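Please go over the structures that come below.
The following pair of complexes shares a single chain, chain A, combined with chain B in the former and chain C in the latter.
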Partner chain A sequence: MSGLGTALVFWPGAVIMLATAVYVFRTSSMARAGLLLLASLGVEGLLFLALASEFLGVLQLLMMSGEMVVMTFFMVMFMPDPGGLMGMDMIHDKRRSASLAVAVTVALAVFAVLTDWPAETLNGEAPDVRQIGFEVMGRSMFSFLFAGITILFAMVGGTMLAKHGGRFAVEAEGDAR
Partner chain B sequence: MISLPVVLAVAAVMFGIGLYGVLGQTNTIMVMMGVELMLGASMLNLVGFMRYAWPDAASGAFFVLIVMTLMALEAAVGFGLVISVFRNRRTAELDDLTELGG
Partner chain C sequence: MRRAWRQVDAPLGTPRHHDAWLFHLAPPLLLVASVVALAMVPWAPGFRGIELSTGVILFAGALAFVTPAVFMAGWGGGRPLVVLGGFRFVALMLAYAMPLAMALTAVAAPAESLQPAAIVDVQHAVPTALVQPLAFALWVPSAMAVALMAPFDLANASEELDGGAFGQYGGIHAGMVALARRILVLALAGMTAALFLSGWHGPLLAPAIWMALKTLAVAATMLWVGRRFPRVELDRLLSVAWKFAIPAAIGAIAWSGLVTLLFYA
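Presenting the complex of A and B:
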């Protein structure tokens, strides 16, 4: 993608991504908040595509669409006011959290703009997806295997935590709970 | 046009929004959403570095894959914890969860 093409996708995408991210915490409907987060992270996938990372962009869209739909279900289940009809205020310590977030944002943005980063232009085509495959199956294979095992542990741990009575529960014989 | 500082600045704003959610929200699931946004910002940083600073290094994509894994793990363990807490306390509001025992 040319520089102009990247800019044409990046700027509107960045505005939509940040606006939807802000509205995640401003809407009072939980279903809407989950879908706004899905929109924000989905548009981030489009930014990845614009920044010549096709594989990661498509992966981001697939991962986030699945994860955020699950998250929306959980939000509707566990929020005291999932429809946002009672006008509950779900923010505490509003001023301090907002000022700390703004301070961190400004510090990071100033650091990003003022630092002399190394610059190297992309030579023509986007990086070959095969390179990522060789990286994952070669030098980084041990780390990738470790990530896979960690996912397995998290799945087992999450299921044990969610089990009725927690991980210490002793089920009676024939207890079907 | 787009450059590395621009991408990093956009990611910084996204990180700040996520941080506001983590610090300010009262519900556990909303806090998890803030963490997701912060991790999303870190992924945008990594893709920016990969595009504008080290375009030939495939290891940047590997780091993004690891962060995506981390997002999935955070959601899985977080939901497990929320279910467990909700079973015991009948709430997922953080203001009501101030004690570990009892």
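Presenting the complex of A and C:
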């Protein structure tokens, strides 16, 4: 894509991404919060595509859709007020969480601006790209798998504990078996 | 044509208690997702919507956005049976997205490419459905479930849930949903023909005609299955997905790696 085309997608996209991210915390509906986060991360995928990093872009679109729907589903299942009709607030411990968020944003922005990013683009055959591939599929694979299986256990365990009768499977009236 | 216009011109049905944003955004999202999926299908050499070296992943990514769209329609509708339809679809897709994605991984391995056209070309001698029957057997029902086709149409089961997730829509909303569902069937039938049945390869006839015949045959078979067999219970479907289809899909990937190393590499 040309420089102008990229800019025309990038800047409005970035604004939409930030706006939807802010609204995640402005809404009190769990369904809206989850889907707004999906919108934010989906637009981020489009930004990757606009910046010509195709693989990251399509992967972001695929993974985020699945993950955010799972998250929304669990939020709706576990929250006592999923529709936000009783005036739930998405932010707890406001002052500390806000200052932490601002500090992290500033640190990341400073890091992004001050780093001397390499200007050359590498093709798929470059040794660096191969090295990243071997690192991800080799040594680092163990930590990825460990994280993935831990999350799966947490999901299954959480569902089991949330069921009527909990882990002892004491049946209550109307339970599905 | 006249019926279509009446559909467009009809008043929008707006439920009384609902989440308006999600309710109104769901049909366009469903339509965009289905059109992006359709754009990835390689119809003939050099003839397709968007040429991407990662087309298969974007196809799966577009299908992944069907789930939030149906969830939004269900949640936005704000009536018990409608919400239930949306939830059913999420539960179904959590279980069936994995076999679908893993079947895609399995067919991409022999071609060493995520480009649909390259996957068609690697099947010039033998279609993937014959080399990897397990991946094919997992793909077809998962694809039908994504496209909300009977007997997996639990989200919009018209008899049990009175239209399910889409029960509250009228006017152009209902038209968009209907159009998107037909596009999804076309995209999935086309992709099945391309990835598993060697796409445009075939003797005598022109490539595009072979592809069209195969797509029509796949779509007709899927629709016939929907008419012939009764709707499957949700818990039984989920049980089969989690206990059988996902482990089997890992087996299909291992098998794909084996045949790739032995015959393709």
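Everything below uses one rule, namely that the second predicted complex is superposed on the first by the 112 of 177 C-alpha atoms of A that agree within 3 Å, B and C clash if a C-alpha of one lies under 4 Å from a C-alpha of the other, contacts with A are read in each partner's own complex, and residues count from 1 in each chain.
Keep in mind that, in the parts below, a residue touches a chain if its C-beta (ideal position, glycine included) is under 8 Å from a C-beta of that chain, and two chains touch if they have at least 3 such contacts.
If you're wondering where the values come from, they're calculated on a predicted model, not measured in any experiment.
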| item | value |
| --- | --- |
| Partner chain in contact with A:Leu59 - chain B first, chain C second, else both or neither | both |
| First (chain B), second (chain C), both or neither touched by A:Leu38 | second |
| First (chain B), second (chain C), both or neither touched by A:Glu135 | first |
| Partner chain in contact with A:Leu145 - chain B first, chain C second, else both or neither | neither |
| First (chain B), second (chain C), both or neither touched by A:Ser29 | second |
| Partner chain(s) touched by A:Val70 [first = chain B, second = chain C, both, neither] | both |
| Contact breadth on chain A, by residue count: chain C or chain B | B |
| Doubly contacted residues of chain A, that is, touched by chain B and again by chain C | 55, 59, 70 |
| List of chain A residues in touch with chain C within their complex | 29, 31-32, 35, 38, 42, 45, 54-55, 58-59, 61-62, 65-66, 68-70, 72-73, 76, 83, 176 |
| Of all residues in chain A, those that touch chain B in their complex | 3-4, 6-7, 10, 14, 17-18, 21-22, 24-25, 30, 33-34, 37, 40-41, 44, 47-48, 51-53, 55-56, 59-60, 63, 67, 70-71, 74-75, 78-80, 90-94, 96-98, 100-102, 104-105, 108-109, 112-113, 115, 117-123, 127, 131-132, 134-136, 139-140, 143-144, 147, 150-151, 154-155, 157-162, 164-166 |
| Contact footprint of chain A on chain C as seen in their complex | 19, 21-22, 52-54, 57-58, 60-62, 64-65, 67-68, 71-72, 75, 87, 90-91, 93-94, 97, 101, 235 |
| Complex contact set, residues of chain B against chain A | 1-5, 7-21, 23-30, 32-34, 36-37, 40, 43-44, 47-48, 50-56, 58-59, 61-62, 64-66, 68-69, 71-73, 75-77, 79-84, 86-88, 91-93, 95 |
